[in-house]
Amino acid sequence: MHIPDGYLSPSTCATLYALAASGWYSALGRVRRMLASRTIPLISVFAAFSFVVMMFNIPLPGGTTGHAIGVTVAAIVLGPSGSILAVSIALGIQALFFGDGGITTLGANCFNMAIIGSVVADAVYRLTAGHSEVHSRRRVWAAAIAGYASINAAALLTAFEFGIQPTLFHDASGTPLYAPYPLHIAIPAMMIGHLTFAGLAEAVISAGLVSYLQRSDIGLLHGVRATTGVPALESASSPLRLWWVIGILMLCTPLGVLATGTAWGEWSAADFANPEKRAKIEASSGQHAAPSSVPARLQKLSAIWTAPFPGYAPRFVKSTTFGYALSAMFGVGLLIMAGLVLSRFTKKARASESPS
Amino acid sequence: MSQDSFIETTMRAFTRAFSKALISERGANQPGLLQFLDPRVRVVGVLFLVVSVILCRKISVVAAVMALAVVIAVASRLSLWLLATRVWFVVLGFAGFIALPALFVTPGSPIFTVPGTHLAVSAQGLRTSALLILRVETAATLTTILVLCTSWTHILKALRSLHLPVEIVTMLAMTHRYVFLLIETASQMFESRQSRMVGQLAGPDRRRLMARTAGVLLSKSVELSHEVYLAMLSRGFDGEVHILSVLRLRVRDYLGMAAFLSVSCLAVWIGR
Amino acid sequence: MIETPTPAFEVSSVSFDYEGIPAIRGLSLQIGKGERVALVGANGSGKSTLLRILDGLYFPAVGSVKFQGESLTADRLRRNGYALTFRRQVALVFQNPDVQLFNPTVFDEVAYGPLQLRWAREEVIRRVEETLSTMGIAQLKDRPPYRLSGGEKKRVALASVLVLDPEVLLLDEPTAALDPKSQSQIVDLIQQWKGTSKSVVTATHQLEIVEDIADRVLVLEAGAVIAAGTPSEILSDEGLLLRANLVHAHRHSHGGVVHSHPHRHGHSHDEHSH
């Protein structure tokens, strides 16, 4: 899923570079604050390791082979910040030294594989492994599941980036300018290959590595703590993770465009007057007859508030998909701001209560 | 799948990596056009050209930039056959394969129907496929030319002067160094395996072999990083990184940069 | 009364554990200024660990280490730019050269030390070129490390520490895994420092080079010094060498007779009679 130059439009590349840059910046900042001197050689060697693992042709159940990224083991051993840097550097070497993988799309590739890949791998691993013993079988399964999940998350994101190209970037005659397949083709096409081969390859190598480490070098599974005397790069709870989960969710929201129809209960006042819509409401409500005209109270209430983005798209945005994405980001942005303001207030309140 | 072909495929990837390193070392020492210019000008200039290829919308303009790329390659003493095998055929294989269905699937005015079927090639499908393949080829050609004409150290120094953080540049340098060491280690492990092979391995054993090789590689990597850290400390490393940059711009570099810039802007303007 | 110069190193009753395993136990020694000392012992006897303690990379929990009369602690190295002085004065060449070659080219590698110690750019370039030609590797200066042979790697590693003109050289198995020609080159280099003010501490298990590279030998076993003396004293004490696992007894033949007794292999394998 390494995207070459030419598949993504300049604006897509620029957006993904910006997203990747914020991921790099935060990962670098985090790593700098923790024993930066030791981590430079550690991350470098891990990046080299990831690079070499990417070359492995991994035999899969069924007799086929696939390629992995190694992001899952990096996330388990180095934590997500270290893993973000290590895999990004491996991808950077691929593009800058070997000329494989585009330079305009380096941001996109790093975002998909290094950043989202690391975050998903880490989150799923911790969730699935729970508080099980470091040498338990459960950890091996957790690594396999985390590997599978992270590759497919990255692949889904890549497919999404491909899929929105024809809708957003075409010329007057309708010719797609970059990747030519819309979402409903791009997503299944990409996911088939990754749900089967690449995802399995990453699962196999991650499980295999964790199993090997359990037998030979269990210190590493504690997050590089015991062996080298370096504290784990990531602490147990990480706000960074939350941000990125929100980010993923934001980006996945336009998938809602794929769902046709209106969600149950979200009908507007006008829907009731429309016979076609009313039939749909009835069908989805267990065939209860819908009122033939708008209930009076509903009419009154709906007049009070006219949303700034009715229909989930600002008026000036013509494309449905883009409008969807934009409004999702705006919505989540509002939520985040509200959360920050709230936490600031509660912090101040707590601070004023206690003298320390 | 033939006996141990997954090992062979992996080993072939290793060999390609080393040969790539050798080729670019040779290429960097040739007295050619690109080699004449400061590496920073090369990196930024090629980047501008690639961005212009991505920005412009006309097939004819992309084709023109491709022609320019070929001229630069020849002027930089690069073998066209090398470019063909490394870039052109490979991209045609992948991008061509991906673009093929687009011929039929893209909605638009049909211009050709495959006889005996109801598959119609639309004008838009043809244009989009051509544009995609040409773009990917041109961008890949440009980046490959850059990478084959510039030594790794110079790429790093160019990146550093473009204000990439010094820790990142150091990590890139160190990673590059250790990629080759790890490849050597992995190769040795696979080679010894192959020579001891008596008959085919079963599926689970193959996976275990890969996982074990990767595992040993991982343990060695971490141990190596610890030792490297001590070696760095021993030579005065204290957290800050200092590298020697000996690049200076001359008149030809300014001219070269101007040329790159004007071509890129022209391409974007004409191809908008 | 002639004043004896401050010893380069004074180690007193030092103990050090590596990952929970005792590596050095109650070890004391002194290295004089200008002295050439060989640390001999089998693998695992603590030679490498001791060198790293001398180089201020590991710090013992028990005992003290003094460099030029002043104590060497982690704290001291962290403060007041002491590290800048110490790192120039004491240099360690690791056993595995790959560990020490982490820069893109040979030139960069040799320039690394001076750059980290904040030398001026012109000075760095001058010293590097000087060192490269002294070591006879000037033609390798743009070579990346993966294109170097074992002997070349060792020479580059040596160059990368000699460029700093250190007062103390710590060498960890400098001739290990080298072909005979490269080995003799290294031995020649160490012989050159005899009589200079440079102190050299060489850890090795190759007894055949000890006479050439050292004026004093310390025998290590299980993290402690079990014997000290001149090379000829130590090398002729076969019981000691056997105990320290530096020689072995196995069946061999020479003079037409098959027998078994303690002996060592190497260029000074002497024919003996029965």
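Here are some notes:
To keep things simple, chains are lettered A, B and C as they appear, and every chain counts its residues starting from 1.
Assume a residue touches a chain if its C-beta (ideal position, glycine included) is under 8 Å from a C-beta of that chain, and two chains touch if they have at least 3 such contacts.
Computed from a predicted model, the values in this text were never measured in an experiment.
By C-beta contact pairs, the most connected chain pair is A-B. Central chain assignment: B. Criterion: smallest distance from chain C-alpha mean to the mean of all protein C-alpha atoms. Distance between Cα centroids is largest for the pairing of chain B with C.
Chain B and chain C have centres, each the mean of its CA atoms, that are 42 Å apart. A separation of 51 Å divides the Cα centre of chain A from that of chain C.
Between chain A and chain B, the centres computed from C-alpha atoms are 25 Å apart. Counting partners per residue, chain C has 102 as the residues that reach two or more other chains.
Contacts with at least two other chains are made by residues 41, 227 of chain A. Contact of a single residue of chain B with at least two other chains is seen at positions 152, 174, 176-178, 181, 224, 228, 232-233, 237-238.
Within the complex, the chain A residues that touch chain B are 4-7, 9-10, 13, 28, 32, 36-38, 40-49, 51-53, 55-61, 63-65, 73, 77, 85, 89-90, 92-93, 95-99, 102-104, 166, 171, 173-181, 185, 204-205, 207-209, 211-213, 216-217, 220, 224, 227-228. Chain B makes touch with chain A in their complex at residues 1, 6-7, 9-10, 13-14, 17, 20, 24, 47, 50-51, 53-55, 57, 86, 91, 94-95, 99, 101-102, 105-108, 123-125, 127-129, 131-132, 135-136, 138-140, 143-144, 146-148, 152, 155, 159, 165, 167-168, 170-172, 174-179, 181-183, 186, 203, 206-208, 210-219, 221-222, 224-226, 228-229, 232-233, 237-239, 241.
Contact residues on chain B toward chain C in their complex (touch as defined above): 18, 21, 25, 151-153, 156, 173-174, 176-178, 180-181, 184, 224, 227-228, 230-238, 242-244, 246. Put simply, chain C touches chain B in their complex at residues 52, 55, 57, 83-84, 87-88, 91-92, 94, 96, 98-105, 108, 111-113, 115-118, 121, 124-125, 142, 144-146, 160-161, 164.
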